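Below you'll find a set of structures to go through.
There are two complexes below, and they share subunit A, which is joined by subunit B in the first and by subunit C in the second.
Then we have the complex of A and B:
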């Protein structure tokens, strides 16, 4: 660059634990004012899940660079964003196409560290997320809550190859350090993407987010979607996203990613875990504020179905994703036919796992049926978390673990009924194996 | 262009406090780069995993980076640095460049930054070759510095794709049957030109004025500028303290890594290294100065010159052929425009 381009001179600066921050170096009001509005008023459209996620990111004024790998398996998020930006005359927002998913993740580190008050979204899936792994694990510890990786759940790379949706990719990345939120249905996808940065960028959290949804079932199928006016979204987000108290590369005199001695490594990791734990305090507040403004449920630890006021249940189902809707549709009938109290929860916050809330919800159940939809070397990802959550109880419910819907297979009504029958045997006192497989109404 | 004296008197952002080996060429290079970048523009450095990273950013013991003892009031003299993973320094630099440019486009940033990335040759042309070439391919307006010590020095002196033929490294050990590294080095200079770089150079601080001029030009380049810095490694190349600059100069003059300078549209030049082998210092002198090549050469009784060991004459002959090819290659690349 030419030195003549540079405007020299002093700027006021403040001292932070991460170095000096220069106030006024970046004037983001210029970015906010220049935002090209996508919707001037609430509207109702038909969209698939990828489009819902893309619209949400385009509506955020803090999103100015959209990085992605061109083919982003299982998501056309980048294609929708690119088409939209190309249609805006004089637009200054950019699509950044990278040569590989790993490069996308690296790029997000540099971009998010450059300006911590902008949001840097991307979308990926399955092997794409796996390819990012080296850097997602750096990002998870980075304090860069302004990174959002939208994950379209798909079977992670293994033999045999399966290109349909199951959550084995996101569940394999639960130790990356991201806040992982599962959405089901187009509306929840849209709403979750809008709320996720409010959580990740909160000064008490500063942790990147990974909202996600099931591939094919939610990513590619269309449904009704209510979109909000951009200005209302900005009003909501600006209530929760504050100027980052720590410096970025551009407005700071600072260092990121330094080597530390082992003594400092301990402290760093403790702080990382505490910030992640703070999600449990702030997520309900953000969700509640979202519901107040937009009249739809905001972020929650889990969705609930069929719970009585006293919280008692003979069978309590724990699942996630759109197949839980099939359970919801047959729950009442099954309960009536069996004479059992049947309820359930669909987990939304995968990481950090809402241990206390899950325990309190399930504490009066006789049997908990946990439905795992991803391969796991043990009893199932969700099962282990649920068992851990219940371990504080003096007389915890029995936990029945099943696998169903692997590789993105639909969990059909007959499969749900067969799994509930299986759990019913536990209610009746029969000892069951540690786990069982179900598909098309048959125990495998 | 700034004068040599003017740059020499500037304050470097690479300061005392690193744990790099005494006599490390990386330290000399970074001190000089730090002075050139003290030019009135804010600098953001992205740094790949390398000796230069682990030996200079180990908080709280040694943090060698920064400009001045206190935070400067002048924003343009402030300084930021980021390390991510081994291979990502060019990609990170590109991201910083883009954010700076977008904010400038919006009128949100009045003081755009200059962006410099540094990597070792292991990070840049082994594990990071993909990222390096694609950043160049996208014409990112950043300066990439690759400190080439021809090994993964930081992790124990293992072979890298930049290693000279027959060099002894910890993964290409020498025995009676094995005369060291069996591979030819990757032609990374040609790759960078082909990928679309605006400026490609190979020069070490041993050519002090040329080095400073090259870095200054690189910072002004409107496309990606990449400077490969031959960096004799006192521990990995195994030479005596105080020999770093002499070996760097000898390596350049003898044809192992000639000083080279190329700009898109203008072509380039090979400096201080004749195309004619007879006019160059013997490569044996370069080899003899380092124990990584002592299996190839020995002192000639009586003259004290380095000559090929009788049982390694074939290897030395092959190495000389490679050196001549290396010089010829750079002269031909210099003709490209």
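Then we have the complex of A and C:
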């Protein structure tokens, strides 16, 4: 809406405990009508992960401003979006190029707080995400579920520089307060970006989202992608995204700028944590609804491979990202050769960690092999979460922790076989070190 | 030796292809185009991705491609390919492009050499295809780039594909990259010329143990400063990072240069040409655009006399150096 189209005189407004809400300042029905449809029917295209993420954001009618920092090597998301918008003559959607990533995050706070019913996406990676940190930590608490930072996983601000995929950036930011969802493969990336705002903007959640995928391994890998018609996407999202009852930030001006007393700060954090925990209730519902509409799996806590009905397994693998696919491709062969029951899960919801669901899935495993792909000073981010999830069991499975693929290193079939052999030693009763490194089929 | 049939691999399991070349040599485009070619069949699954570092043009890079009639789950690198590509003979001097290929595999080389010469030189057993892609690129694209021809050779080696669909899939990839129409037409000519320029033969020149992968022996001592040397090397050209179809031009027919030297100070590549001048201090005389100018536009923005311009490559086609 242009300034000249705003009616003169005071806008009708509603007073809330945290400020005033101006009704009709943004005419959502006009925004929706003005959406330039990208696809008017389901189609199949070739795309890499970055393109899949960009198309998904372009198809949402609630996305009208795309802020970003260009020349991020891991993602051409903003470049793709900009080129697309430039090809639409007279289009009203805008790309906002900023001088640095922290400026992008700051910009999104202002825009998202002003327009709670629109979605504000950006994409970044590694150091870019680190540059946003001062703001992302506040964003996580702000209640601005309409902010979505698409993170292309890379070794976080690190020495030496590495542009390959490694989830240490997203895992280092787990306490920022975002809902973090890992996607693998083009289709999952596209589908996840479409569903993430439904989760983040839910009135019981109101927490920003950080969908992500591995740099290079998924960001640059081309394959077939099914894209849905814009109108079907809108129909789906409109079932889950409701008018936000609050103006601006969730607690007035508390989240940014002002100082509060410890009593209020703690109360604020309790509420933030409870909203985040609500993700565990709503994610399966949104995922199930997505599957019902589009016929593909929607959001889940984790992907599963090779589980028998009784849930028993000699070795249960816990991993994440595209390398889990290599495990899937050799799982059956390895199980046959070793005579063991081998199954696995690839974690999708990183934050909040779905500990109850993970515990129930792994309950009847003899040994759990956790494959960590990010730098960690202890036994690994995933290992700590899995150990915590299993700690409620009277006789928890043994947990074998390994590292592989750091800095995006290849996790070859022989490496998976060697890691499974390692876990097999635990099944046979051998005591193993707290963690081990593997590469090219060799224990380092 | 049984010759492995790529089409049979696609039908019954998965065809795995690996390519070696230099950054900026078009290897990734060739593999992307082949992926697009196969994705025209809705029942075929494809996975294509590159491997490269943060190094500039000239560094070794790899591309991978899997093609199958079944969904592809594996995400690891291709280590036992049945088809390999050598895009740049320089790469072949520093690494074994045929590593892990079983006897009966397919080898595709961008070279003027014959298949016999290559089979003997690289100890290859299987089907060897060669094409002088750089020559075709030079003729039609004014650039010694062999990816167009190598792409055609890959499609030819796999078989079962029509010439027109091979051409159109490549051009479609260029269109997705928003390459100007005139350049796309030149690529069409290069594609058509490549179709009749491929030589092939079946040879058995490898000995037992040739191209066998050696087990990973750990990292050992990490080389200090390895990346630094790579990044600063003057052999790593940056000119191909410039926007497609444009070049920088310096024109000063009236000697308007004031000698402010802002262009010299701001050019990140140090390619502004100048000479001492009594009146001005320095006089800018030109710019060496052939190797390192990536059209960052710093000189265009800073020059108070507007002596630098970005011009379409077509406008200066005749004066452009063939590299």
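Keep this in mind: the second predicted complex is superposed on the first by the 415 of 444 C-alpha atoms of A that agree within 3 Å, B and C clash if a C-alpha of one lies under 4 Å from a C-alpha of the other, contacts with A are read in each partner's own complex, and residues count from 1 in each chain.
One rule holds in what follows: a residue touches a chain if its C-beta (ideal position, glycine included) is under 8 Å from a C-beta of that chain, and two chains touch if they have at least 3 such contacts.
It should be emphasised that the depicted structure is a prediction, and the values quoted were computed from it without experimental measurement.
Look at A:439: by the touch rule set out above, it reaches subunit C but stays clear of subunit B. Legend: residue contacts after superposition of the two complexes on their common chain; A:217 is shown touching subunit C, with no touch to subunit B.
Applying the stated contact rule after C-alpha superposition, one finds that A:394 touches neither subunit B nor subunit C. Which of subunit B and subunit C touches more residues of subunit A: that partner is B. Of the two partner chains placed by superposition, only subunit B is touched by A:114; subunit C is not.
When the shared chain is aligned, subunit C comes close enough to touch A:161, but subunit B does not. Of the two partner chains placed around the shared chain by superposition, neither subunit B nor subunit C is touched by A:430. Across the complex, subunit C meets subunit A through its residues 32, 35-36, 39, 42, 45-51, 53-54, 72-77, 79, 178, 215-219, 227. Those residues of subunit A that touch subunit C in the shared complex are 44, 46, 48, 73, 83, 160-161, 163, 184, 216-217, 220-224, 322-326, 328-330, 410-413, 415, 439-442, 444. Residue ranges of subunit A in contact with subunit B, taken from their complex: 1-3, 5-11, 13, 15, 19-20, 22, 25-31, 34, 64-65, 92-94, 96, 98-100, 103, 106-111, 113-115, 118, 134-135, 138, 247-250, 252-261, 264. Within the complex formed with subunit A, the residues of subunit B that make contact are 39-42, 44, 46, 53-54, 57-61, 63, 65-66, 71-76, 78-85, 88, 91-96, 98-100, 102-103, 105-114, 130-131, 134, 141, 219-220.
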